[in-house]
Each structure stands twice: as structure tokens, then as C-alpha cells.
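Chain IDs A, B, C and D follow the sequence of writing; residue 1 opens each chain.
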Amino acid sequence: MEESAVLLIACPDRVGIIKEVAGFIADNRGNIMHLDQHIDKQSNTFLARIEWDIRSFKIPKESIKEEFSEIAERFGMNFTLRFANCTPKVALFVSRQDHCFYDIMHRFKSGELRGKVKLVISNHVDLKPISDFFGVPFFHIPKSKDNKPEAERRELEILKSESIDLIILARYMQILSKEFVNEFPNKIINIHHSFLPAFPGAKPYHRAYEKGVKIIGATSHYVTEELDQGPIIEQDIIRVSHRDTLEDFIRKGKDIEKVVLARAVKWHLENRILVYNNKTVVFS
Amino acid sequence: MEESAVLLIACPDRVGIIKEVAGFIADNRGNIMHLDQHIDKQSNTFLARIEWDIRSFKIPKESIKEEFSEIAERFGMNFTLRFANCTPKVALFVSRQDHCFYDIMHRFKSGELRGKVKLVISNHVDLKPISDFFGVPFFHIPKSKDNKPEAERRELEILKSESIDLIILARYMQILSKEFVNEFPNKIINIHHSFLPAFPGAKPYHRAYEKGVKIIGATSHYVTEELDQGPIIEQDIIRVSHRDTLEDFIRKGKDIEKVVLARAVKWHLENRILVYNNKTVVFS
Amino acid sequence: MEESAVLLIACPDRVGIIKEVAGFIADNRGNIMHLDQHIDKQSNTFLARIEWDIRSFKIPKESIKEEFSEIAERFGMNFTLRFANCTPKVALFVSRQDHCFYDIMHRFKSGELRGKVKLVISNHVDLKPISDFFGVPFFHIPKSKDNKPEAERRELEILKSESIDLIILARYMQILSKEFVNEFPNKIINIHHSFLPAFPGAKPYHRAYEKGVKIIGATSHYVTEELDQGPIIEQDIIRVSHRDTLEDFIRKGKDIEKVVLARAVKWHLENRILVYNNKTVVFS
Amino acid sequence: MEESAVLLIACPDRVGIIKEVAGFIADNRGNIMHLDQHIDKQSNTFLARIEWDIRSFKIPKESIKEEFSEIAERFGMNFTLRFANCTPKVALFVSRQDHCFYDIMHRFKSGELRGKVKLVISNHVDLKPISDFFGVPFFHIPKSKDNKPEAERRELEILKSESIDLIILARYMQILSKEFVNEFPNKIINIHHSFLPAFPGAKPYHRAYEKGVKIIGATSHYVTEELDQGPIIEQDIIRVSHRDTLEDFIRKGKDIEKVVLARAVKWHLENRILVYNNKTVVFS
């Protein structure tokens, strides 16, 4: 595991920002490994991701944020600081479909995804054996129109008791309440089985089939109050033809859902995503 | 140029259709070169494209349609019969953007697209030099709110006097009237610069940029009364990132627009498209 | 499960083949569901896949092959007949890498792949827990330079005792002997982690990285005597950039390996592949 | 046209490089618009592209290189400095195929490609009319086994008299001599009609067809002494199937050749390409 720090920065652009940040790092004996910066000209906003080696860094990890704050304030920066060798705590929400669940669990297990899956929450029991196989606690929390607030309260309790950093909705077919979502801003990643903004909401494959599209897609996005309207993180597509039935659409789509969700989760866990104007900047 | 005939057939499915059609062809010494058939199970519809060599066919070209009609009637077929060595007459509608215009003209000239561009109609004069270079008559028919019916009347006159078989809207930025469209059912192909059904109507790249999509697309479709709602023929996409400006979206999109429009036109001219339930079956 | 029969046919082209085959089917009350036919003009070869509903077929399943033989002989056909509702018996060969193994096992379990995984053979014990989880017998057969013939003899014994129809090499890193391969002509599917014919043999990702390619790929093919030279069934690719390390190549490649292998296996099990001149015709 | 400067830098990595470069820029009132940096860990090499606004830069354009040299020397930098508003002088080499020629000419004309096409050289006269249409001088220099050295001498004369910065081989089917190539290091871009390293040399589509690949590609690369072995700049691919004839391979390939060549040329002209170890780093 690398010993590095990652800064994500958004602030009004002006002369000298990189000089200042690079100076802060070099003067403390940090070696920049990746720097990716650009300007959003429409809003004159400076956007950057900087990763540097902290093995010889003069400032101890726990003080970097504070020491950097002086620069951040001077430039009006919105910034986050994370460390590569931390282990984010992850919760998965699943329902009955298992393809994304298997796929994500396997990627965590193999080390492709950095982090630890602490728990799985589901409104059905069907996928408990998979959870068991991977050795992850499984919480069965059924949901109905009547018990939703109470169910969400229990979910929140569990999530907080485990200090969860990221929630992955791996084809969880329930809509989360505004209150729930607001507890985890830009910390809930969903996979929607269409090429958004086409076909938001229910049964996108059915509607794509009816429409006669020649390509279907999947979209991972952060969850916000408005259904399927959060900042898009990643999308991908696959071709379909008149020979494909609705069942083929669904089957082919699964392969896209898996990779699109996995990429989004990976980038989030590597601090590559900056949310900005309900859009994402992905420093991939 | 090949000497072949192409049948496109749609009819209620039942036992024995292919036996009958293949019998008709073989009994008259036709050799089937391609046969692509499948069933739409939802509606129990038989759909097929059959192409056969007619160099030794016993029925003369001009009588095949009539001779086949007996079978067609027996099975309640909706069918079209075309010949590979005919030369469809094509009209292009353009405005000020030249990328699709150049591209399509070059493909006709090189023989990649079967057919003859008989004329170009535009509401601006900007692209006349290109038309001249390719040796195609150019008609400048300006359009405004006030003169639209009259302008379309003139356009229709020209199109009919040249017996135009196919109209290609190569980034023609005007909306055609219902009356005009109905004169050419499934004979007007448009290229829309978005991945439909996302972003129909005006300024799709602007809206895609605002939305923060990670992939942009283009869609070719037959023109129907409803704007950008006609049967989709072909779609394709290209990746964009946060580094891409709106201008980059537009530039990258052009490459997709060109190939998507060209494929749709090619398939139409080769009688590979069967329109059906406001969708297309493309026997590609 | 559908009650259908599938014919794959290759024979010298001439007038009347489809008439004859479609006649055979219709006259016995079979309804053709899919027919896909074309001619390889270079060799004048007729190639077709025909699937028909046999629920009302007058000839019992076990006699169809024999009854069809008269036609087959007349036209000099090379043909295979299979039934959709059979359950092919499958063996997986794996080594230490688990991504393709997981993926394929899950696809069989979910019913996406038709067939039954009867056993897993590996030269290492690492993946036994996954085999156990899916309830499939796992045979550990170590291989070294010295014991290869004997190891293969044992493998053959196991495969034959279970009447295995298809062997999937899910990143099995051993080369099979000519004798072994010849026992299963066009019945062993391998996944090679490059875009063949580029980078056959060992360490393709390393060599792609050295070469500085901008796209990497994976190739599934039938195994023949010559290493990585068998008929290609399917290929797919993913983009890489200078930011990707060799480890990124390997990681990104895994996602392609999984889908490319899965598609090849699916098409094989659905009798969509006709091998021909060391190439495949895939009626997808 | 933007008033910006672009630095491409390669040097041994160590602490403080960005601090120094960003300091040089900021201290002279330059505002960095894009900075893309990373480390090649295998060789511990720092690689970066930095673009900054020079409208208020205190150092005049003509002196920037000299002033920067002190830093460059201190860090052992291999660097190039270019300005966005310059107009590179371009020569096109063509033969008989016109698709890439049309395409590139149109992109220059529309302003998508920055630079001016000063002349076209061809061993055939076929494409002169296109050159004329675009108003570019056309030199017909036939080539045979016997006259090659002399023909190249004449070509060099013309290229030098026009101070050509970039040569584009737009499907020029002749092999350039080692001597010729060495006059333009990393200044000759070729488009090869295969997915290199597969099928270098002659007739790649024929060989791809024979091999039965499922995907074909095109590769743009800098020309070096060894045929089709220069640093790869860009690649792209398109699917083919058994239904595609060799002619279809060739036709489909053209669309890929055009976009792959155009992207490579664009990146070169925007100073986005750093050649390094016979590979390219493309800061796209």
C-alpha cells in the first residue's frame, strides 16, 4: 500500500495557486506523484487533484490538514485531504439481483477495490448466502410503505455504529428518503440501468426495448434527493439489435452495470472524484 | 454491380413461410445469397430479408413483383421488392454546417453509397461551392416563419420533378411540416446530434454538457411528424471527460454524426431496413 | 426452456438448399424461429443456422438426425443437430487466478449459461473454496514437466467418466498436449489475454505495455494444437493511457477477459458457432 | 486563437520540480490553464505538460525559452516550448486513396486542426483535383525502384523550401528511406490500417480477413526507420462479423483510419505528445 496523500481542490482561479501548493509540498519534502489540473472557464474555477509521496514528509499525517488550511483560506479553496493507505468502511445495499453484488464483493476481496465491506443491508434474505461466503455481516431489513421511516432509522443506526464512509447501492430497488440521503452527501453511489438522462426511474430496459434504441447503457451516480438526477460518475454502453429480446437487453445490460459501478466505486475510493455544479470531475 | 433482388417481408407468423418463399425462388432458378429471418414473439410477426441472384432467374425483373403477389396475399405479407443494380435518386438538405455534407458526398462519389445525388437544397448559400465541386445542382431556398409553406411547395416541386427516392437531412436545421413529411414516409433520414431519447430538440450538446454526461452520441432516424421521435436506424457514441469543453463536445460529436448518418443511408439504400411499430429491423 | 432444434449447415452452394431444408421442417409441422444464412463467395460455401420449434414436430427428436441425413447427403452437407433443452456437461480448468472462474460459475448458476458445470480441474488448490461454494467437485491435479502425460491421462479419465461436452480454460496457465487437444476438437474454449494475433504466448500485458499500445484486448478461441492459433470466437478491447501502469493493464484486462470468455461459451452452448477454415462463423 | 505557451517536460524525478516550474510561471504573471503530470516509476521519470496564459506574461515570447533554460539545466530536463497561436506548416503525402486526404483537408479548412497545409506531394496525379479544390499546391513526384533517392531529394527540397513542420502520410503507400525519415524525427505521422502490432506491413485487411478476427483497427504512429514500428500515438477499432467480406473490412476500416489519423495530428499540433522510450505520452 502506497504512503501518499491526495488533495482535491476547487477554488476561484488566479495566478499562483499551483506555485503555492507545490511549494507547500516540496518545502516539506513531499514528492508529487500525480498532478492533474485544469480550469473551468465558464465559471473561472481552478480544479485539481494532487497526490504526493509522504514517506519523508516533514509534517505528520494528522497535522497536514491544519497546516494546509492557511493556503486553503487564502485562495478560498474547497478541499479534501485523504490518505492512500487508509481503509474506507463500506456498506452494500442489495435486493434480490446478485450480479453487481457478486462482482463488487469479489473486487474488494481481490484487493482491486481499496476498502473494507463492513456490512450488507437488504430488504430480502435471498443474497445472505453470498454475504456469508464472503464473511460479511448481513442485515435483513424488510421495507414496505408503512415501515419505511422506521426501517431507515434502523439502517442509519447500523451505518453509524460502523462509521460507514461509503454506501453502494448494488441494484437496491428501494428509493431512499431525502433525510437518509442528506446524511451521506456524495457518499452514496447508485447504479442505474440506463444511459441517463434517458430512461430515469422504473423499468428502463423495458422502455429502451419499446423505443427501439440500438445501444443500451448504464450510469453510476451519486444519490441526491431527486431520483436518478445526481452527479454522473461513469457511463458505458453495449450494442443491441432487433434480434435481442427484452431478456437479452437485461442480460447484456448486467455486464455493463457491473463494470460501470465498479469503476465509480474505485474512483471514489481513490479520491479521484470532485463534485461540482451537480457534475463530477473525475481525475482518472 | 450485383444482379440481385431483395425482398423485405413482414407478416403474421405461421408454419411454412420460408418453404414457400424459398420454393418460389428456387423453382425459378434463383440462388439465395443471404437470408436473415426471425420472429418477433411479442406480436408473433415473421420478419425477413432475402436476397437472391437473378442472373438466371426465369421471371423477368419487371414481373417478379406480380408473380410473387399470390404468395404475399396468401400469407398476408407486407413486402417490398427492390433490385441491387438500380440507382436510387437522392436529395440532400443542408444548412450551414458542412461536415456531414462533405462526408456523404464523398461516400456517394467513391461508390461506397449506392445511388445518385441529384440535387442539394439549402436555406443558405454557404455550401454551394461544395455542391459545385461535386457537380451537383444546388437550390437555395431560404426559409422564414412567413414563407415556409411556399418554400416547402417549391421544394416538393423540385423533388418530384426529379423523382427523388430518398431525402437526407445532413444537419438541416429546419423542421419539416407534417404535410411535407407525409409525402415521403420512411424516405427522409435525419441525423440528430444526441443519443436519443436523451436530448431531443434544440442544442443537445449544450444540454449534455450541462448535465455532465460521460458519453455523447448521435442518432439517425426516419423523420416522422413528431420531432426526433421517428424510428431509430442507428446510434453510436464517443467518450467525453471533464477536460472537454462544450466546443470539444461539438467537435467530437461531428465524427459520430458522420458515421451514424452514413451507415443509416447505406442500409436504407441496400434495402436492409424494415420499419415496424415505430422501430426498425436492420438486417445488417 | 424452449423446445427447439438447431441445425448448423456448411456445404457447397447451389440453387434450392433452403427450399429443401425449409420444406423438410414445414412438411413435418416445424415452425422456423430463426434462420440466418449466407454464402462465403471465396469458396462458394453455403453456411446457415436454422432453429425451429419442435413441440408439434411429427418426427421424434431421436429420429430427426437420421431422417435429415438423406437431404444432407444429397447436398454434401457438413451439419450438426442439437436441441435447446439439453444440458451440456461442462468442465472448468483453472489455475490461481479467480476472476474468470467466479464470473463463469455465477453465469451458470444464474441460468444465463445453459449447461451444468460437472467438475473443476486445477493444478493448484487455491480456488477450491469457490468450487465448494458453488457445490462443484474440485480435482487437484498438479502438473510439472515430469508428470504431464500422466496428469493429462488422469484428467482425460475424469472428463470421460463424466461425458464432458465442453472444456473451458478459465485462465488455466498450462499448455495442453496435442494428444489431449485432439480428444476434444472444437470443444475446448480458451481465453487469451491479448488482442490476437498480437501478443500470443506468455505475458501479453507486459508486452503490450512495453509496446505502448493505446488499446488492450482479449480473445476467446477454440484450442488447437498450435498455441493461441485456434479459430477466434470473440474479441473485445478497452482503452489504456500513459497513466495506466502495467498493473492497471492487468486489472482493466480482467473485465474484458470475463465478458469475452462468457460470450464465447454462451454462443457455443447455444450452437451458434460453425468452425470453418480455422475461422468461426458466429450466428449471434 | 488563444495566447498560451505549452511546455512538455521529461526529466529524472526528484522533489520540487513543479514548485520550480510553477514558480517561474507565476512569478512572471503567467496563469496556468492546464497541468498534467505523472511519474513513470519504472524509470523514475517526471513527465508533464503545462499550458499557461501568456497575455500578461512579463517575459516576451521570444525570450521565454532562454529564461527557462536555467531551470531546465538544473533538473536535466528534456523540454519543448511551443505557442498556441503559431501556425505550423504542414505537408501531406498521398497516393491514390482519397478518404484520409479529404478528411484531413476538411478538418484543416474548418479550423478543427490548427496549422496550414502548404503543399501536397503524391506519386500519382489522381488526387490533384481535390488539392485544387482546397487551393493547395500539388506536386506530382512519381516513384519507382530506380528513382527513389532522386525523388526523395526533390521532396526534401520542396519540404525545406517551405519550412515544413509536420508531414502527414495520408495513406501514402510508399516506404520512406532511413535518410529521409531522420530529417524529420517525430515529425512524420503515418496511419497504418491495422491494430498494431498485429499485421504490420502490406495488406493488413487481407490478413485480418484470413485470420478471422472479430475486430479490425487502425493505428497512427510516428514514422521511424523500422516499418510500422514507430511510437504509437492513437488506435481505434470497429467490429466485423462473418457477414463482412474483405471489401467490407476495407470500407469499415476507412472510417477508423480517418478519425485515428485526425486525432493524432490534432494532438501533435497542440503539443500534447511527448515521445519517450519509443512510446508516446499523450496529454489529451
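Following the convention adopted for this analysis, a residue touches a chain if its C-beta (ideal position, glycine included) is under 8 Å from a C-beta of that chain, and two chains touch if they have at least 3 such contacts.
Quick caveat: nothing in here was measured; it's all calculated off a predicted structure.
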With residue numbers as the basis of comparison, which of the pairs A-C, A-D or C-D duplicates the interface of B-C in over half of its contact pairs?
A-D
Using mean Cα positions as chain centres, tell me which chain lies farthest from chain D.
C
Calculate how many whole Å lie between the centre of chain B and the centre of chain D, each centre taken as the average of the chain's C-alpha atoms.
36
From the C-alpha centre of chain A to that of chain B, how far is it in Å?
41
Chain C residues touching 2+ other chains are 34, 38, 243, 284
Parts of chain D lying in touch with chain A, wherever the complex brings them together:
13-19, 22-23, 25-27, 29-39, 48
Spell out the residues on chain B that touch chain D in their complex, using ranges where they run on.
34, 98-99, 102, 106, 110, 112, 133, 243, 251, 255, 259, 262, 284
State the interface residues of chain A toward chain B in the complex, per the touch definition above.
38, 41, 47, 195-199, 211-215, 217, 231-237, 241-243, 245, 277-282, 284
